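Taking it in order: structure first as structure tokens, then the write-up.
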Amino acid sequence: MVRKIRKTPFEELSFVNNCTFGPLNKPVATVKPGEVVEVETWDCFANLVKPDQTLKDVLESDTPLYDNPVTGPIYIEGAEPGDTLAIEIISISIPDMGVTTVVPGFGGLEGWLKSSPPLTKFSKIIDGKVIYTLNDERETNIPVKPFIGTIGVSPASEAISTVTPGKHGGNMDTPEVCPGNRLYLPVAAKGALLGLGDVHAVQGDGEICGTAIEIPSIVTMKVDLIKNKSIDWPRIESSDEIMTVCSARPLEDAVRLAFLELIKWLEEDYELERYDAYMFLSVAAKARLAQIVDPLFTVVAKLPKTHLQRM
Amino acid sequence: MVRKIRKTPFEELSFVNNCTFGPLNKPVATVKPGEVVEVETWDCFANLVKPDQTLKDVLESDTPLYDNPVTGPIYIEGAEPGDTLAIEIISISIPDMGVTTVVPGFGGLEGWLKSSPPLTKFSKIIDGKVIYTLNDERETNIPVKPFIGTIGVSPASEAISTVTPGKHGGNMDTPEVCPGNRLYLPVAAKGALLGLGDVHAVQGDGEICGTAIEIPSIVTMKVDLIKNKSIDWPRIESSDEIMTVCSARPLEDAVRLAFLELIKWLEEDYELERYDAYMFLSVAAKARLAQIVDPLFTVVAKLPKTHLQRM
Amino acid sequence: MVRKIRKTPFEELSFVNNCTFGPLNKPVATVKPGEVVEVETWDCFANLVKPDQTLKDVLESDTPLYDNPVTGPIYIEGAEPGDTLAIEIISISIPDMGVTTVVPGFGGLEGWLKSSPPLTKFSKIIDGKVIYTLNDERETNIPVKPFIGTIGVSPASEAISTVTPGKHGGNMDTPEVCPGNRLYLPVAAKGALLGLGDVHAVQGDGEICGTAIEIPSIVTMKVDLIKNKSIDWPRIESSDEIMTVCSARPLEDAVRLAFLELIKWLEEDYELERYDAYMFLSVAAKARLAQIVDPLFTVVAKLPKTHLQRM
Amino acid sequence: MVRKIRKTPFEELSFVNNCTFGPLNKPVATVKPGEVVEVETWDCFANLVKPDQTLKDVLESDTPLYDNPVTGPIYIEGAEPGDTLAIEIISISIPDMGVTTVVPGFGGLEGWLKSSPPLTKFSKIIDGKVIYTLNDERETNIPVKPFIGTIGVSPASEAISTVTPGKHGGNMDTPEVCPGNRLYLPVAAKGALLGLGDVHAVQGDGEICGTAIEIPSIVTMKVDLIKNKSIDWPRIESSDEIMTVCSARPLEDAVRLAFLELIKWLEEDYELERYDAYMFLSVAAKARLAQIVDPLFTVVAKLPKTHLQRM
């Protein structure tokens, strides 16, 4: 039987409990390792931007604008600092509409374009395709590739905004956090204190204007616990790739960290020496630029598993 | 008939004429727009690192180590500042061996790994596959995907090292500069003064250790000239994508520039307004991290052409 | 009468309450606006590194190593989000010894020097001078210029490590936070929740190895509250200069922010138009590189008041 | 007798010979080591911006706008790669007027301020004081502190724009290149090929709007040659400080390089071990942010000589 976790009602949302990952935040549910849960999530604007209400309307109103509110924290029984969460993402539901915005003062080309007025664009989603309106005269289709934009656990002592990615996961905006893949997160606080939200129906590399096709969703996932196994940064495993997800500024540091974590993984689990791993990545690794719009920038480094089998 | 351009003999190589792109460099050949040429190229070490001579041996010898020596400059008849070169890459020959190295003081994890001793690894290339030796006990195969690592024209007044990428092209280490694609370069000096070298049989994203599978090669390409059409940065077109290639430090600036150039292209040639283009890239663009090891870092931003047809 | 606030005993130190600035942290004292307080502070290692115990000893022991533990939070009566704290630093006591260390994995040349072993150096402080031992054979004197390395208030919802500087103040390592100057901090949480520690007897620009002459101290200061006056970043005022203190990565962004804040200050309080202010800073501003070793880097931008009088 | 070197007449200025430092540039004069020379220099706009002609006028005209044209190259007899130039700056003449501008697309807050229109401001210079007009109603005085903004030698093979600083010197915009100080530059090409221009009457730290008080000038200096002494980056010596000048992006890399060069200097000439030097800089070094507006950013790291005497 699948455990359902509902999102916090709008009027009970809190800038602390729903908009940070922190050790003092109050759990909304407790889950046993191995349980499958169905988590209802807000979109990145707490569903405030709707067909009859543009981002500009919201910004001009008195309604508090929660940034990336997450559903949680979910307390994982038995999770302690030094363990690792292994989260198998089973499915992500898609509504019939998504929203894309430009938020003034935010976005990858903020300051590089002449101005950044608040802009809102709605897209219908039909039969697994985003019907994207380029302008008044033209539209195109983009196949959905849904993923969880923000998912993380509590740091050891800090409480980090749900807008920021880091070692704890958070707002990684990484398309590889998708159905079929397993996400590993380092437990740093008792109970792990998992939270998630900010699902995207599909996103371009870099998420350059600051948002993707933003949707509310229901995420089905299995949360497992690996005891006494610690990792430094989030990792992802698909059927055919191993991946590391690191966030930093400037962007080259995110790339360096992600490759360094991949090298460590190859040393630990695949019996490769450090410099053999380094040189191999230089000829065979893949990388994805996840986003360059949040307080830290996120990069995913990948290696196909096919190269890692012993012969 | 195909015009053949031989590489400069080793003893005639010059740190100025072969290792910079500059307006005072002396052309080695003149080509008419529309001609197909077959250009013989040195590998990034002027073929000095060979099975009987590791990088360490070379560094300890008195032999001058040319960085990325290019074949050229090739004078393109009629090319003037404000024009654009359109280079159709037809084929790239693959030898039976390639080399990968770690050069002390160079590489993406320089300073992040404990040390960076000079290292050399040779790989056989058979039937379109790199036979890559992971370590003493294991090997794997990587399908070749050859491309030109360094190709560029002269800047207007500066002479830029062939190790550095920029508006003039140069050491972009961009896998999309490959057979089947068309590369556009902005002409800034009379005759364009095209040069190329540093071919790679295959490369990982980021070229993290500083080299890929480095090979000498023969590149067949058709060099066309578009008069009175100026571009700011290199661009690439494949059958199904438009791409911009920008280089900067820190890396996020390379990403921003590449997306900004893509927006300009959409404005100029695809009748999209600036903010429509910006928002669309955020949901549909692709990007590739070409390299983070040269003096400037290189990023390719891409958009599938399928989205750009008028409906 | 001066109110005394003692530091939290070592055995009661908490990685949350003493090592973050956050809205859920528990106040240890309440102070009225206008009160003069005498605050006892730990050094950056909670006084653990002592003549008989090097940093290496501490790192190898089981003792928890608190980073920059602060005394606080101090609840300021009546302080609410949107107000500004004005802290007049009256005096900073100097002990007879200070310590400088290299912490492995930390420091401005981490990765640029061959290695970074744990190193510890003690300096006597006599008659206002640090007797600094350059090496076994040589010593020199450095006049003390004491300042508060870490002083900040709670952010609105996040809890930020006392190792990190930001809009809330924190680990700014800014020598201008010294006796005679007034520090302004933006109140973002009820009661402001002020904390301080990490005093330095003197520091070089950039604090390049990661520590200065680190000392425990007693700081005497007057804490005032400016109601309904909000600022975005910390500011400092001396008898002859106005200063802004901003932290970011990469470092150029800290510089840009600090100059931008100075421009805003000139617009708000000194009746200068934006571009007049911009151009004037370019010919008359001063800047100090405070530190490049913490998670964000800190820069102080300054303008002599002499230029700001109306004529 | 002092040797006079006149600036190239405007109609003979060249974007290559006067606007790059490069090994193929043609010398305009030959000087013997030890000679005192008086060099006439253009201001950064080749004196085009004059009281009757704003920057906007110039940009809208057809007149070519030379960036930082230098007087030179000056061939230094006997100078060869591996040597060091030691340039004693004796005096810098000050005209009665200087100019400050905002150049569109250029400047430290480009993109951070709403727009950057071309702006021009003239300042009278009387009795060693810049009479600076803050706005229509107010003016202030700034004492002149003249220095050479752009001075450099040829790189080994590249030709670098006079707008860019680097190992070869160039557009360092460093106020310490002033009368009374000795500048050391690494010789990389035969004859050194020295050039200079872009003198500033005074400049704020960071040169944030992109220009200072820009003036044409006559620079008197003595050019000496130190044979077989090689340095990696420019250095400066005053009567009481040793200084290193490094340029990079992001800015923190310029700081790291400058401190690393200072450490090397302490190792070579002052018998300090690497880590003793590192820790000492952290408590006693000074740094100046020279500029963050050119293609690379420049930082000066300094140490008072008083600390370096053997006791």
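The letters A, B, C and D name the chains in turn, as written, and every chain counts its residues from 1.
Going forward, contacts are C-beta pairs under 8 Å (C-beta built on N, C-alpha and C of every residue); 3 or more make two chains touch, one makes a residue touch a chain.
Because the structure is predicted, anything quoted here is derived from the model rather than measured.
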Worksheet, complete the sentence: The chain pair with the larger count of contacting C-beta pairs, comparing A-D against A-B, is A-B
Worksheet, complete the sentence: Whole-angstrom distance, CA centroid of chain A to CA centroid of chain B, is 34
Discussion item. Measuring centre to centre with CA averages, how many angstrom lie between chain A and chain D?
Written reply: 47
Discussion item. For chain D, give me the residues that contact two or more of the other chains.
Written reply: 112, 249-250
Practice prompt. If you connect every pair of chains that touch, what shape comes out? Choose line, ring, star, complete or other.
Written response: complete
Practice prompt. Please name which positions on chain C make contact with chain D in the complex.
Written response: 100, 102, 107-109, 112-113, 117, 119, 121, 130, 132, 134-135, 137-140, 142, 202-213, 249-252, 255-256, 259-260, 263, 272-276, 278-287, 289, 292, 297, 299, 301, 306-307, 310-311
Item to complete: Provide the residue numbers of chain B that touch chain C in the complex, in ascending order.
Response: 111-112, 114-115, 250
Worksheet item: For chain C, which residues count as touching chain A in their complex?
Response: 15-16, 19-20, 22-24, 156-161, 249-250
